[in-house]
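Only one structure is covered here, and it is reproduced in the block below.
Chains: A, B and C, in written order; residue numbering restarts at 1 for each.
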Amino acid sequence: MFFQIIDILGTIAFAISGVLVALNKKLDPFGVFIIAFVTAVGGGTLRDVLIGKTPVFWMLDMTFLYVIAGSTLFAVIFRYKLDKLRKSLFLFDTIGIGLYTVIGVEKGLAAGLHPLICIALGTMSACFGGVLRDILCNEIPVIFRKEIYATACIVGGMVYFGLSAMDVIENNLVFLISGLVVIVVRLTAVVFKISLPTLYRVNQ
Amino acid sequence: MFFQIIDILGTIAFAISGVLVALNKKLDPFGVFIIAFVTAVGGGTLRDVLIGKTPVFWMLDMTFLYVIAGSTLFAVIFRYKLDKLRKSLFLFDTIGIGLYTVIGVEKGLAAGLHPLICIALGTMSACFGGVLRDILCNEIPVIFRKEIYATACIVGGMVYFGLSAMDVIENNLVFLISGLVVIVVRLTAVVFKISLPTLYRVNQ
Amino acid sequence: MFFQIIDILGTIAFAISGVLVALNKKLDPFGVFIIAFVTAVGGGTLRDVLIGKTPVFWMLDMTFLYVIAGSTLFAVIFRYKLDKLRKSLFLFDTIGIGLYTVIGVEKGLAAGLHPLICIALGTMSACFGGVLRDILCNEIPVIFRKEIYATACIVGGMVYFGLSAMDVIENNLVFLISGLVVIVVRLTAVVFKISLPTLYRVNQ
């Protein structure tokens, strides 16, 4: 129940981020909805397809469709006022990737995959929706360019396996702590403007 | 038999639309064929992958490969004369999305999915080929920007379930009527230049 | 064992080609790694998803992840010196597509698919990684524009079935010869600057 609420908050944040990018590109109402949908479910869909869990998750639970449709409507109507929600949205989004990362890791474990692959799967679940959004809108995906985003997911995934290996903390708590690590790493990076070290000379 | 002919006409129209976009981007012969192929089978492929029906449809029925190869050859040779076929191609394309929508809806039903998900699946089957074509050619997908296209599919899908729920019309007729609705909605929209209401101020 | 070494050399070449494109687009370290990864495993992943062989190959064999991570690190560190390796990389890449084509063909056969579909599958396995790399970096895929690349794969695939049909050469040798055909066709095309006939008037 608690996780379901987080899941819905994350879906809302992802969908709204899709709406904002789509409006910026002047897409029509259908296009806006599709971008919102793809942003919200793209990561989990890739995860399910790669491990062969089909039909994919949003086909089996209508909550996602309803939440995304509602969020899109809300975001389109109130788009000129969304600036005031920017901080809440950022928070939801960050909580969302924390949750999706850990869910992805656990789905990988359930499929009997190697820990590193599970971490990759969790990171994809959290990040691929945003990548698809940017590709569909004809941009180089933002997460490849400047944000500590995927890195936070990877760190959270590593913490998950580190804690599991210690074998003293119960599983639910491992889930919670790892998700929190993703959130804390991302918040810290944003607040202190930390980014990955650049590979390029500054004057380039 | 009747539906197979429609299916082939739709495939031809989709393939040729791919060829035209690819030629416009000055792709080489192989690139042109690939874009034609992806445009024609992309929607059904996504549908099959998402519901887990693999190997996907065009791997199991060689008709598609042959029809697409033939259409590509034809379109490349006669490209300077295709303008005269523009109306026929538009009609084939429209008939094609009508058929693909209803096939997609029925495949979703066969997989036990919720009606709204079936409508989404049908719409994807009809539209995703064109989306892939535009992404591969580095354009923002045209259906996100200006056409009543997906909307026609959605309306047709809703009619399918509306008629089925009434439970007085036999299934074949439901299939036919819903497909026709897709076609009529799209033709009407194009003839009367109807588009989705804009989300943007006109002077923007 | 012999084929595994080729597979690794091919993976290295693909990963490094990804790194070079990503650096050129000024992506951050994470983005560079992802592009390298996607370039190296994209083709085989599409192959496995389309025929329903999931979890996909790189989730079941950690070699790929390690080799790609190592290659990325190497390529990032020595990127200003990679020019000297250009010929070796081109050779690895060419050997790689030869191998991937034939592996793809054989996976298609194992799934009971038609020879032409197997050839398509082999070609996709070899080429789709590069296509994904270019899409993610917001370019029209290079193989659609100017190289004898996919064509070499298609020719190799056809030789595979031609030799198999003759039924006098043992299977391992068919595998080897077909792979070599891919390599020779591509090398010949590059050395003699052969490309597909253009579809466009020269003064266009």
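We adopt the following convention: a residue touches a chain if its C-beta (ideal position, glycine included) is under 8 Å from a C-beta of that chain, and two chains touch if they have at least 3 such contacts.
Worth saying up front: this structure is predicted, and the values here are computed from it rather than measured.
*Asks:* Looking at which chains touch, is this a line, ring, star, complete or other?
*Replies:* Graph shape, chains as nodes and touching pairs as edges: complete.
*Asks:* Nearest 5 degrees is plenty: how much rotation brings the CA atoms of subunit A onto those of subunit C?
*Replies:* Going from subunit A to subunit C via C-alpha fit gives 120 degrees.
*Asks:* Same or different: at the subunit B/subunit C interface, is the fraction of residue numbers used by both copies above or below half?
*Replies:* At the contact between subunit B and subunit C, which are copies of one sequence, the residues are largely different (under half shared).
*Asks:* Find the geometric centre of each of subunit B and subunit C from their Cα atoms only, then give the gap between the two centres in Å, rounded to an integer.
*Replies:* One centre to the other, that is 30 Å.
*Asks:* For subunit B, which residues are shared contacts with two or more other chains?
*Replies:* Only 49, 52, 135, 138 qualify.
*Asks:* Please output the residues of subunit A touching subunit B within their complex, sorted ascending.
*Replies:* Contact set of subunit A toward subunit B: 22-23, 25-32, 34-35, 45, 49, 52, 54-56, 58-60, 62, 65, 76, 135-138.
*Asks:* Spell out the residues on subunit A that touch subunit C in their complex, using ranges where they run on.
*Replies:* 49-52, 108, 111, 113-114, 116-117, 120-121, 131, 135, 138-141, 143-146, 150-151, 195-200, 204
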